[in-house]
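In the two complexes that follow, chain A is the common piece, with chain B as its partner first and chain C second.
Moving on to the complex of A and B:
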């Protein structure tokens, strides 16, 4: 028996499929490959300006910041992600529009030379207040995930936003380091920091807040607090926070997590879905035999302790192991797709044609979230009531990745928000990004 | 009179023999400590009431010497010693005690009152009580010693210090006087301690005024809010002295300890370290990092490589680099103007004052700014009369010296004044029958 609602549902579902197809097509045309690329700026010469500006928090608040801007453009949080290649000589020129001296230090880069400094800061040569300029040069000797931050009035200037990520890629493609143990299919940056808005307000008012009394109220990934982390890169309504933090992958692929502890407090970054394995810390592989064994000494874990100043590389992978049911919703007679492993009794994903071991409830017994595609099976969609769903066009599985300090999942006391984003496991063939 | 002298000499000889005997058999080290009140003056002038440990130098625990410090004296257990004894006198107004986390003491037990633990081990009573602890199987490594009584209050009041036990003594290379083996296979030429801690002045004020405790102004440490941040008991102030390193040898062992209640993130600007131990346990493999995550109560040991060749360019010229807490909001002295808190500098020693740091200096002990090293063996000419490079200056070098004198060869111009003259011959004779050097360039010592 058909009802009007059923028809309407089917209609919506069809529209969603069309939308998905268009997106897929667009992805194929634009991307060409199904690989996530970390947003940032590539090259060997970078022109940064320290200046003031504002960012938006997930609760709608506006926070005054100091940040690094690229090529005299918008101030941004975090500073531009500098993506360079091993062996290159990197030059970073810093202009200063702020009313106090600023600088940049590059932890982990051991041969930085400074030219034209107006003064010496605690950790680096400085560009003088209001119009100063300084240039830093270093060789990107060792691949890895690094950060850069101000070396002047360090506590306040890091708090205000003067930091960013530096990624040195090895010459080998799709590896984090020069060892096959660090190979990946998708890579994402998770730049973790926190803000105490009282300090920012006080600085904007020309006061000198006591950093020892700092207590953060906003917790950010890539400069955004949840749920803004879900949005794409470069969305027009967050002009000073260009980097999103939503991650996507396909089953069985290896995701490289580049995690940066950029703030002043420790965070516990938790990956739902599967454990990760740590490859490197501070831009150096965790090796049992240095220079030989590759990244074989890192632990498998599901909560990464992200300490201020440190960086981490880790790999994460998901393929529905040991679920006991077929995530593709195959019937026993269907072909073994997408891989023969499903039909191999020796494989941990030997579940071809096995039904999901629960009765799927009728819609009237469900409440809906935007991420529910209407179907429990990967890449499939089911009927949804009018107005429900809409955030999961490709029928992916959503795993929340977040700070395990649950108190950091708020925006100034309003939950949910803060240091949270999603990892979406998409069906094979769904284009990423 | 003669008899008296003879007796004295005999006594002295007996003492020396006894000492030598003890030295050979040494397997026990003993410390006499007292705990009491003292003050620390912060760079902004704030005077903080502290509790500290001091060494009782007359070793009788009967007099109060009042030399309490924060942190307490570093307790060293020499190589080969397996037993440590600490006698503690407590001059605080409350019972106190001492423990070394990671080193279980013998024959001591927690102290209870009404079912509540007061202390993790035996206590010395208030206002002059004493107690003795013995550790029969001291494990080599870096450890914190602290009060074991009401640690939430007593430790943050200042009752903490470093306890260090080495596996083997003796430098294995290089001109450094110190050195040894910290853990199996972990050899160092010199070592130093960086102990991190914090002060919440409100809490200290309350404890000192007896305003702390049930029913009083402050009832717990739950609102602990430190405003001063210390490395080795010192908050950074303008003009404060840097820590001198690089007296010789290329392997500096840094012992990181956190006696505070918050996490510290020590960073040494421009360098990587090899983390080799964690809570006094050697790590299964070293971890190369520029930062150390130092949670409360933690110790870490790191080997810091002081090779001249690997010094970053700005450091090899200035010899100074920053050591700081990357939790940089703690680089403050309660918001006083200027730098503060957990920051200091390492400065590389240049003991002969020619503006070339010792670890890069090819001839130590004399200013040789030209650093001429004709034969390129890393021993500067002024330290290198071993002209035939057999690592010994002797008759074999005489013909070469004569030739250098006649032909005015640079190798014989030890003082780099442009000619081989009688000064250089005098230098040649001075260094006759010696090995070349000393050179601060560690590779020169790794033949």
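Moving on to the complex of A and C:
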């Protein structure tokens, strides 16, 4: 009996499996390359092209898409993450290589001016089919997490992949908004969407898809379905899906989650390991006293409802305190790491030197996950049977972040997969690039 | 996806069960401080291990398979509705270790045995995998995932990909220092889509330490008395309640369960839940207070109901959760408003203490979400009121109308 992850990894296609195993051995799957910053493109002038292409799902299936490409390059899913700074004037030029009119709308941006549109469009001025061009300009007034997407033939074009994230950073470093209550150590994007491959197949064949019968069969984070979400950004065998979704932090540090509901269905996003605290919704802080109190009115929860078009910013932190045993596996005489408080019986985090109060079963009674280090202690590795584990090189604590509508944890008829990724809490001192 | 075997494989069932019953290859090992005979019940309060863990509480459950019946009796014409094969947990606390496999086999309960603990306790929860006797082709491990346990360490988080899970015949004791009052839930996380669709879901909630304050304690103007209970350590009595009822929503796809029972490929892509339930029962079974035995082997596998009863003037805490793996449900109390005081086992307060609680008639609950809502019956006339989903297509038991997520709130004079 293999674990879910092992099983899922077996389901990647043969060619990709070979590549995956080579790279896994090189430690690239989790061994230190998950970025603590969000991958994307920065600047003030962006050149996007709407075009067709293909993406790969976690079960090896290939799906035809329409998407936004940067600077005439590969189409990509989602579109390029545009990362800009508060106060800047942003210009986005859209070229259209598709056979129907296309556009971009920027929900939450209030002063978008459109120049050179070939037609008025529905939600935004359009670039005409096959060669049209249109330019949008706006001022990045309010920091926050937003999305952009096509404003033309929207039911179909959103399904086909014409959407992306827009992140407006405040001038303050390492804050989501202009208030210290929104400070963070690491930030990650979770761009949630889903697709129905039958629609894509019909469009590719030149048929009119029946959107009324849409039923999603693939569920994606940052354009990838599990287990591809576990892989690094810009892996060569997913050239049109450049963004991974693995996240990493240390105990007591603060992670900023930027969550975008980019599909047509509602998702229920569960964070193993700890509750998150909502800071903002749709780019607006949850404040008791607007402009003064900072993000003090967001709720704490373990599962976030993310509806189509909504964005959430939330912080998440894992402390590993008050478990009744020492997560570092210290003996009573060992140094008081990481803090002296650990040894203070009056402290709520006093667990120093306490053993796990139960015996763990012998190996023959257990199944081992690929991300299990062999040790219950943070930063340590333990003995594992031959062929087990091996995906957790620094003894980190892994937490799955996933849709808690578990029907979405599959890739078509193959379980597991879908809307899942991992948050890794690394031991103090393990570098996070 | 499981390999397809013929139905005839069930022929080996008897011999397999015999093998377990005689203990071959099995190692039931229930760990509990002060438990001298391994049945998960503390019996020696002078045991040094118990004295080192005087707040210990123990529970012993099995993971395996079994049967339940749905609530659509007029369709089937029988005394009980459609029978569904399921995977699930069973409570074997108090069962001697040599009998655990025997008692736990094909004894799955839906929902799973409830876990109710007090803040400050140490929970020793032993899971023994008894195997799926009706599916001897499966060798699935199982786990317990305490959904929402803050600062969990992977070893006790039950996520198989990143942790350990327990094989057939083995036992794993999970250890939890119980903190954070509120409404959680638990489920098996192995092959989550399959094992959760099959029914490995249960209630789990933590009662607040504030309940245990000395009589007469002044909570910011609110005087605590013995027996008073609170949803959270609110410091002001604002989450006081007289009675509490867990209300867990779930749903099942009968075609998926039948495919599993028949050892057929599982319809993940076509998953379509048509039985929606409260505490493991569709209406009208939801208001039937009898414990229900299934029609396959007579095991009392549906022990809970969802009838809410209180006296006029009492405050009623509903511990609402949803473990459906396909549906969001909106739960409506049309006559008696709910004051939502907590979500996700966290009191609705801002980081600076601002009161974020609110009054509503409905809550929209996604899979893996929980709400603590208090019904104030002060101005409510005695009588019978309803609590149901406004996803009205789920007021049915599969094809039969008048069922699903519906129950009654009975206010006595």
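As a working rule, the second predicted complex is superposed on the first by the 387 of 433 C-alpha atoms of A that agree within 3 Å, B and C clash if a C-alpha of one lies under 4 Å from a C-alpha of the other, contacts with A are read in each partner's own complex, and residues count from 1 in each chain.
The rule we apply is simple: contacts are C-beta pairs under 8 Å (C-beta built on N, C-alpha and C of every residue); 3 or more make two chains touch, one makes a residue touch a chain.
The structure presented is a predicted model; accordingly, all values stated were derived computationally and were not measured.
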item: Touching partner for A:305 - first (chain B), second (chain C), both, neither; value: both
item: Partner chain in contact with A:410 - chain B first, chain C second, else both or neither; value: second
item: Touched partner set for A:274, first chain B, second chain C, both or neither; value: second
item: Touching partner for A:266 - first (chain B), second (chain C), both, neither; value: both
item: Partner chain in contact with A:320 - chain B first, chain C second, else both or neither; value: second
item: Residues of chain A touched, compared between chain B and chain C (which is higher); value: C
item: Which of chain B and chain C A:288 touches, first, second, both or neither; value: both
item: First (chain B), second (chain C), both or neither touched by A:399; value: second
item: First (chain B), second (chain C), both or neither touched by A:205; value: neither
item: Which superposed partner A:297 touches (first chain B, second chain C, both, neither); value: both
item: Footprint overlap on chain A, comparing chain B with chain C; value: 266, 286, 288, 297, 305
item: Touch list for chain B against partner chain A, complex; value: 225-229, 263, 265, 267, 269-272, 284-291, 293, 310, 312-314, 322, 324, 326-332, 334-335, 339, 341, 343
item: Chain A residues within the chain B interface of the complex; value: 105, 107-108, 110-114, 122-123, 154-156, 158-159, 208-214, 264-266, 281-282, 284, 286-290, 297, 305, 307-310
item: Chain C - residues contacting chain A, complex; value: 1, 27, 29, 31, 33, 53, 122, 124, 139-141, 147-148, 150-155, 157, 159-167, 169-175, 177, 179, 190-194, 196-197, 265-269, 271, 324-328, 343-346, 348, 350-352, 354, 356, 364, 366-369
item: Chain C-facing residues of chain A, complex; value: 1, 3-5, 181, 217, 266, 268, 270, 272-275, 277, 286, 288, 293, 295-303, 305, 318-325, 327, 356-361, 364-372, 376, 378, 392, 397-400, 403-407, 409-410, 412-416, 422
